[in-house]
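Below are the structure tokens for one structure; questions will follow.
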Amino acid sequence: MVSAAKPASNTGQIRLGMVGGGQGAFIGAVHRLAARLDGHYELVAGALSSDPDRARASGAELGLEPERSYASYQEMAKAEAKREDGIEAVSIVTPNHMHFPVAKAFLAAGIHVICDKPLTSTLADARKLATLARKSDRLFVLTHNYTGYPMIRQAREMVAKGKLGAIRLVQAEYVQDWLTEPEEKSGNKQAEWRTDPAQSGAGGCIGDIGTHAWNLASFVSGLETVSLAADLDRFVDGRRLDDNAHIMLRFRAVGKDKPAKGMLWSSQVAPGNENGLKLRVYGTKGGLEWQQEHPNQLWFTAFGQPKQLLTRGGAGAGEAAQRVTRIPPGHPEGYLEGFANIYTEAATAIRAKRKKNGKIPKGVIFPDVEDGLLGMRFIEACVKSSKKNAAWVRL
Amino acid sequence: MVSAAKPASNTGQIRLGMVGGGQGAFIGAVHRLAARLDGHYELVAGALSSDPDRARASGAELGLEPERSYASYQEMAKAEAKREDGIEAVSIVTPNHMHFPVAKAFLAAGIHVICDKPLTSTLADARKLATLARKSDRLFVLTHNYTGYPMIRQAREMVAKGKLGAIRLVQAEYVQDWLTEPEEKSGNKQAEWRTDPAQSGAGGCIGDIGTHAWNLASFVSGLETVSLAADLDRFVDGRRLDDNAHIMLRFRAVGKDKPAKGMLWSSQVAPGNENGLKLRVYGTKGGLEWQQEHPNQLWFTAFGQPKQLLTRGGAGAGEAAQRVTRIPPGHPEGYLEGFANIYTEAATAIRAKRKKNGKIPKGVIFPDVEDGLLGMRFIEACVKSSKKNAAWVRL
Amino acid sequence: MVSAAKPASNTGQIRLGMVGGGQGAFIGAVHRLAARLDGHYELVAGALSSDPDRARASGAELGLEPERSYASYQEMAKAEAKREDGIEAVSIVTPNHMHFPVAKAFLAAGIHVICDKPLTSTLADARKLATLARKSDRLFVLTHNYTGYPMIRQAREMVAKGKLGAIRLVQAEYVQDWLTEPEEKSGNKQAEWRTDPAQSGAGGCIGDIGTHAWNLASFVSGLETVSLAADLDRFVDGRRLDDNAHIMLRFRAVGKDKPAKGMLWSSQVAPGNENGLKLRVYGTKGGLEWQQEHPNQLWFTAFGQPKQLLTRGGAGAGEAAQRVTRIPPGHPEGYLEGFANIYTEAATAIRAKRKKNGKIPKGVIFPDVEDGLLGMRFIEACVKSSKKNAAWVRL
Amino acid sequence: MVSAAKPASNTGQIRLGMVGGGQGAFIGAVHRLAARLDGHYELVAGALSSDPDRARASGAELGLEPERSYASYQEMAKAEAKREDGIEAVSIVTPNHMHFPVAKAFLAAGIHVICDKPLTSTLADARKLATLARKSDRLFVLTHNYTGYPMIRQAREMVAKGKLGAIRLVQAEYVQDWLTEPEEKSGNKQAEWRTDPAQSGAGGCIGDIGTHAWNLASFVSGLETVSLAADLDRFVDGRRLDDNAHIMLRFRAVGKDKPAKGMLWSSQVAPGNENGLKLRVYGTKGGLEWQQEHPNQLWFTAFGQPKQLLTRGGAGAGEAAQRVTRIPPGHPEGYLEGFANIYTEAATAIRAKRKKNGKIPKGVIFPDVEDGLLGMRFIEACVKSSKKNAAWVRL
């Protein structure tokens, strides 16, 4: 049951750097916790802020050696590439618009990239980055962290094994309330950059959390979105990016089955919702329901049978979930454990890459640059559709 | 707390007739239970089936006097209108296509009508019926029964009182699974007529349950739907009417507030869902969440405050809910009690109408022919939109 | 699915009288709703209050003929026994101390008795009443109404069929909060008599709701309580009867199985609890969990298998539950429907008794005087144990 | 919000050793994950198994230097005490009977002790250990890990601040099902030692999980248990220790308030329960409810007000919870995070101790040897009471 938590030390910890994530940031701290949990990584370098003073202070706080706490990512990429004990991988946890230049620099320096989502702030950047990543022999890991939850792996496996029959319906939502009021005007850094097109890109709520819901829906259902119709809103006066999105989805038909349909709702202005990411998938033979706030449970109904509550590590949990399960059923694993699973999967892949022609072991799963590119297409399609009065737009 | 349950006998029970609802029917039995619960009605006449033998047998089973168990609704309307002790009201519980002619006949006979939803099977019929009902001094009650649930009344009152601020979002769904397979080919009468355009009208799932969800969303939010985009599907091979509907909604702006938006999902092919009618409403100041399968609870969040679980009869329940509450909090009332509330509201109105120029007392609420006409417009708009590739259609 | 709701009219409604339940009472109104729901009874006589004025006014409100609205139960028993159209059954809904004399009078008058619980206010009375009821050919129905819930019938059937294996553990609780403060001093009639030993008997909370929990535990598990240890408290200053009870239970061994054990908690001073009646039963092969506030659901786990959520009317519902089910799964039935099931079961029995040597049909279940006597033994044992510092006391 | 997760590196990681926790163990891996999460500890030495081969292999797997992977805890204590870079703290994760000798050896060697619960396997050992720990200037941390959950800290703070008024009732339970069958005979090491009196001590289920529930009840309520009555069972044939416990509790009165009462149920034979640790506390003014399987939520009811769902990090979360909260509300933290909070609290204390006369900062909370001694008294009292037919026994 504890394969994911197996210590890495016999093969040596992975030397990790970080760009972004200095004092006042949120997601950087999460990445560090996730990298640390299973013991596979050692954080040894960073360009933690675009503000040199803050970068230095943050580095000191994190115990980086002063010479490896860099004032800029360019400098860091260059210096680390030269060191014999240079970082093997970098975590990019900046606002979206910096993902592309930073990732480009580190790939060029021969360093694996672990990048927060969405991939970039523009589709053009995303395309360029995908081209670079495809050419590179370095790994590109995108932290669509929800794909790391064991019961999401379970759901995906059940769909793949045909437990639901042919999929007909996918209902996804990611709903928050923290932007119900103009939080970006109150000095909240997180709100500021997320609602700023220059830093976030064309999508607000849809880029910040809608992509997560859509990625998860795709990951579990295995379906390809053909087209969508999106109605985006900015409910808060003066807000520059969408804070609510209503989307209808159409998927590519699988074989002779009728094409599946879906809906996606993403919002940051729905009071009473904290991180309400929910996924429901229904097919000809059964249905699945999952929600992030109670991630250790997965509802499964075989049509005509009583509803079952599958639990992480419990009866009915299959191989895909067990791989990424640390502790017994009834002891909840949470957000950080799911996030850590992405880091641990990446660690396995990175170690495999240490060997010449090393292959990533079977069963290792992590979102990559292709998922990131698709996510950018999704955001662009949503924005485009919304501008055309929510007309259908091909992805 | 027991106003709704107050016995009616001191003012005399209302003499009720029924059209449809004979052996093998479903909703007729529900209407009878609902009419009986609070003691306001006495069932004394019926044309319980279009099959004369079944009509007779059903009448005997229900204890009707043989002479008042009619072979046809026309005969019944005529005969009852002549009797001094003739029925004061008729419940129409036939398949949809019969609602119009039956209602017309009884209105013409000067008898109040309590009619199941949707109003008719075609919008043309609905318009005619609305015209007739408006001209008539008889009551027309449409049993959108979910509006009778106490916590739905509570939700409506809270919205009206501004507890949620300006409404931004309405999320409604009504999801079942009983038509996941071609049940209509297995001899199930309920499935047969509901999937038959000649009996049901242009809407399948959307007419059967989607209208309920939309009616409820309108009832609680107080919002007027301006336009919608609907993507209807028939997932089951050979099915003649939709069994799934994805809908985006746009509401009319209230004052200077931005117009609200909504989504509605209705399905009969989602395994694991029994009668999953859910409503969520969010505004600038707060949010509400309710589901029919646990109807005695209403979640309320004032933005920035902890979530509250309001209960029927419990702390925080207001006047609108208390009016239609029979028993103390923690003792669940259910579907029949909610349905009975419509009958009891109607009884109060019918008794008021016994007096010349009698006015319906303040606070009495029931859906009427206007709601029914709106519902038919909703169905028609959905079908029209779907045929146009889910384009926006005005209601 | 609608057998319980089948109309009774072809065999004639049962003429019912009521003692107690006048204006200001609670449980009387519940009995009337329950009697009315399925159409088996017609309320035609009453001695609705010990106060003659209130009795008269209450009778008028309920539409009783003035001559059958009696000033005393003695008069009523005598007069109704003489009438050709006299009542066939009487509902006794007075405070506890009146159950015995009233029941005695009506049994003597040859009238079936439907009596609220607990059976009496003293064990001595209970014994006398049991003796009378056993000798009588009239029915004695005790409204332990929770045994009427379909999923409780389901649970009982599953235990009886061995789905749980040999029972080891029974956990029961009935928790409220309405007596957290000295409500009996605020003019609340319900609180007054329930906390008055002269009207309630020796048990306060334990008699009012503890007996329900214990009766339900016995009903579902089929186990006989051998002995118990009870720690009763009066947390509110000046309260004369217990408002909280902690109880450990030991059951008689079944065959060679080890004897089962149990716990029971009953309270009226636990803020946040409305009518928190819960039952959990565990055996060598599986477990069941049920709570009254969501009565349409029953959790079942076969050891080593995923947890299942059984629903009223849904997949997995057996014959015992279906008999008392009116409407489809997902449309909640509630407290009144469960209560009505007791009345409807009684109606079937009463009709059988109309025939000479008529036998109660197989499958009909209702609590009777023996259950009532056991309940009184339970209350007495609890009080006795508590006085002895919660020592073990045989039942 | 991230104080608990603050990196420790600027003050230097704590050098940690571990006794027990080699291959095949469970809780050792949990301790390592918990120690690692916030980055405060570096595992550098171990005596990971009493089997020297397994000890060596386990050490290698964990990346310990061979010379610091010891064959015995005695050797380890001696050697580490001598090293300049010797461990500062040791985690003891052996079966219970080894806690005493191991803890004694390390305290004697001047090394802080972090010990799994229960404190020892006998009360005599516990008393000796408490004496040693009190005399020592080294810290003794007992990992009653559930006290680390943020919402448990929240609950404790609310009780302490009087939000519930005077406490009247405490209901605790810890229910599992994994020992429903004779698992100890199937080769499961965890089951073997837990059901072996020589390794576990006098308590089976009551020592393994009952102590957790009781510790948590005491921690949150702040109440001192005066006496208890316990009915222990061994339901599985041949089992040598209790697998189920029913307990009634009496607490010491606080001031002039009536003494509170409680119940505790602990079981390992209740099918359908994974790690069902639940706590409910009720007072004169309000009530709290919490369950470990959904640890980010805490129900609070102020008497007469609607029920509130408090969430970790959400509205209404106080200082005590925020201190140990890492990530935003709606992103679940779980068992490992709660466990890590104990390690992180301990780290703060250990660092304070690095300075001469260093004081543990205010607000730091962890269970210590006194809690452990109380827990052993609790187990002994339960066993003693049960042997006396569940008579009341003073603690």
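A, B, C and D label the chains in the order they appear, each numbered from 1.
Criterion: a contact is a pair of C-beta atoms (placed from the backbone, for glycine too) under 8 Å apart; a residue touches a chain by one contact, two chains touch by 3 or more.
On a predicted model such as this, the values are computed, not experimentally measured, just so you know.
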Shortest contact path, chain B to chain D, counted in steps: 1
Contact-richer chain pair [A-C vs A-B]: A-B
Greatest separation from chain D - chain, by CA centre: B
Rounded Å distance, chain B centre to chain C centre (Cα mean): 34
Inter-centroid spacing, chain C versus chain A (mean Cα positions, whole Å): 55
Cα-centroid distance, chain A relative to chain B, in whole angstrom: 43
Multi-partner residues of chain C (at least 2 other chains): 273, 300, 307, 311, 314
Chain C residues within the chain A interface of the complex: 300, 304-311, 314-316
Interface residues, chain A side, partner chain D - complex: 2, 5-10, 26, 29-30, 32-33, 36-39, 60-63, 176, 273-276, 292-296, 311, 314, 326-337
Residue numbers on chain B that touch chain A, as the complex places them: 164, 168-169, 171, 177, 180-181, 229, 231, 233, 235, 244, 246, 248, 250, 258, 261-263, 265, 267, 269-273, 280, 282-287, 289, 299-303, 307, 389-392
